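Both of the next two complexes hold subunit A, though its partner changes from subunit B to subunit C.
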Partner chain A sequence: MSLDITKEVKDGVLVITLKGRAAHSANQELNAVLNDIKMTDATGVVFYMKELSYLNSMAIGSIIEAFKLCTALGKKFCLASLRPEIEELFRLTGLLSVIPVASTLEEALSKVSA
Partner chain B sequence: MEESGINISNDTPDDGVIKTRTASPEALGKIEITCVMDIPSKVEYIDIVRDRIVQAINNVFDTFSADIPVEGGFVGSFSFGYGTLLAVDEALQNAIIHGNKEDPSKKVQIIYYLCPDYLEITIRDEGEGFDWRAVVEEYNLLKDSKDPDVFMKFSRGLFLILKTMDEVTFNDQGNEITILKYRKQE
Partner chain C sequence: MRTELFLKPKLEEVSTALEKVEATIRSFVKSSENLGEFIIALEEILVNIVKYSKASYIKLEFELREENRKWTVFSILIDDGEEVPKHILDTSPDLSLPLSKRKIGGLGLYFVKKLIDEFKYEHINGENFWFMKKYFS
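Entry: the complex of A and B
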């Protein structure tokens, strides 16, 4: 199973939906998302991860880069709907203390569009 | 070719370069599997080999989730199921990308031993190795920190391997890693 990435703008927020597994083969596609963030007029970015079943250190690195880029561009950033094992992975890395997380997409949208 | 329940085969998923030597679970009463694989240092093998190892693990551990389902529950604890998948993935990346610098003429050897109580996987590359003592020393100082900078500045793959495995050892040169995970009853 590979990674499926879809992008849409909802209420002025760029929602990037990740489905499947973010392993090595998905590296380029994930890095390309950084360009989308640079190009968008949206004031907020949400990574919707309800159907993301796996990610490795490279994929985490891409998400960190996306978060840093948003911070530099003055855009709000939030991860939404992390599966328990993905949330546990983020907890292990200490990233949960700096990257905002919401339990649903709606909650994430309201966090970043405020 | 059969010899004392050990099956030696040339497994050819695409270009015939993965070579395996496997003790079949049937021959050993479904209690253990030993396998040696030699692969060229190509990044496209990372996902293939990782999934192949996970498939073998599934033959031994009933509760291991091989392909963590997108829909449906997660089987097994984080540290065993997801953690093992992740550690194998990261160790393969380190060997192919950092160790052998993606030189396809250089081989990565994977040896895994699986039994109902634990799994042990050794991954060896033909690179110069690295100063694992310094990395492990730094990890031991910082492992309990909640500061995300630790993860961001550390070797992320190695950090995750050390976090999720029960035992991690290296050879002296630092071009071989052995990871061990005990199967703890839920």
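Entry: the complex of A and C
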């Protein structure tokens, strides 16, 4: 299974939904998301990962870049609904103490909209 | 159960090889919560070989063993690429630094070392040997 990326604006927040597997073959698609963040008028960005089952180091690098970009642009940022195996990868990289994480999309929207 | 795969050092062959490895392991190990960790580690090494080593071939051998109802995978990746410098192998990202000060790269091998139960790298007679052992729960 490859990576499926969908984007929609909800309550003024850009929600980027990742489904499937973020392996090396998905690197370009993930990097393209950075352009969407640059172009959006949304005041916040949420990466919704409930159906993301696999994430490699390059994909984590892209998410770090997205977080840095949002910080630079003054947009709020949050990861939502991480599966345990994905959360473990973020924990290993020390990102859980840096990047806001919510257990549901609604909670993430609430954090980012606030 | 022992399997050998031969790959050309191309990213598209990495995807095919990973699918074969995962399907083979899944056919024996019915419920493995941490199979994904092994596949991630394997992908990280294969992508590193393809992108940086200038190898002309990659050989992947893996063997599944069951002891006391627990499965273990032993794998060896062999390639004829450039030797990996020790400082690259030993580098771990400094997680105490803020993101803005962290260096790009180095996360892949860090993942391998963290996700695999036993990992060893050797360069012998012009070939790189990447040994990995992973217990499945």
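Throughout what follows, the second predicted complex is superposed on the first by the 114 of 114 C-alpha atoms of A that agree within 3 Å, B and C clash if a C-alpha of one lies under 4 Å from a C-alpha of the other, contacts with A are read in each partner's own complex, and residues count from 1 in each chain.
Quick note on the criterion: contacts are C-beta pairs under 8 Å (C-beta built on N, C-alpha and C of every residue); 3 or more make two chains touch, one makes a residue touch a chain.
Just so it is clear, the model here is predicted, and its values are computed rather than measured.
Chemist: Clash or fit: what happens to subunit B and subunit C when subunit A is overlaid?
Modeler: clash
Chemist: Looking at the overlay, does A:39 come into contact with subunit B only (first), subunit C only (second), both, or neither?
Modeler: Neither partner.
Chemist: State whether A:98 touches subunit B only (first), subunit C only (second), both chains, or neither.
Modeler: Both partners, subunit B and subunit C.
Chemist: On the superposed three-chain arrangement, identify whether subunit B or subunit C touches more subunit A residues.
Modeler: If we count touched residues of subunit A for both partners, the winner is B.
Chemist: A:60 in the overlay: touching subunit B, subunit C, both, or neither? Say first, second, both or neither.
Modeler: The answer is both, since A:60 touches subunit B and subunit C.
Chemist: Have a look at where A:19 lands relative to subunit B and subunit C in the superposition and call it first, second, both or neither.
Modeler: Once the two structures are laid over each other on A, A:19 reaches subunit B alone.
Chemist: On the A-aligned overlay, A:51 touches which partner chain: subunit B = first, subunit C = second, or both, or neither?
Modeler: Once the two structures are laid over each other on A, A:51 reaches subunit B alone.
Chemist: Check the residue A:85 against both partner chains and state whether it touches subunit B (first), subunit C (second), both, or neither.
Modeler: The answer is both, since A:85 touches subunit B and subunit C.
Chemist: Hey, what residues of subunit A end up touching subunit B and subunit C alike?
Modeler: Dual-contact residues (subunit A): 23-25, 53-54, 56-58, 60-61, 64, 85, 89, 92-94, 98.
Chemist: Of all residues in subunit C, which touch subunit A in the complex?
Modeler: Per the stated touch rule, the residues are 11, 14-15, 18, 33-34, 36-37, 39-40, 43-44, 47, 93, 95-96, 98-100, 104, 107-108, 110-111, 114-115.
Chemist: Spell out the part of subunit A that touches subunit C in their complex, as residue ranges.
Modeler: Residue list for subunit A touching subunit C: 23-25, 53-58, 60-61, 64, 67-68, 85, 89, 92-94, 98.
Chemist: Per the contact definition, I'd like the list of subunit A residues that touch subunit B in the complex.
Modeler: Spelled out, the residues of subunit A in touch with subunit B are 1, 19-21, 23-25, 51, 53-54, 56-58, 60-61, 64, 83-85, 88-89, 92-95, 97-99.
Chemist: Hey, which residues of subunit B end up touching subunit A in the complex?
Modeler: Residue positions touching the partner: 43-44, 46-47, 50, 67-71, 74, 78, 81-82, 85-86, 89-90, 93, 145-148, 150-152, 156-157, 159-160, 163-164.
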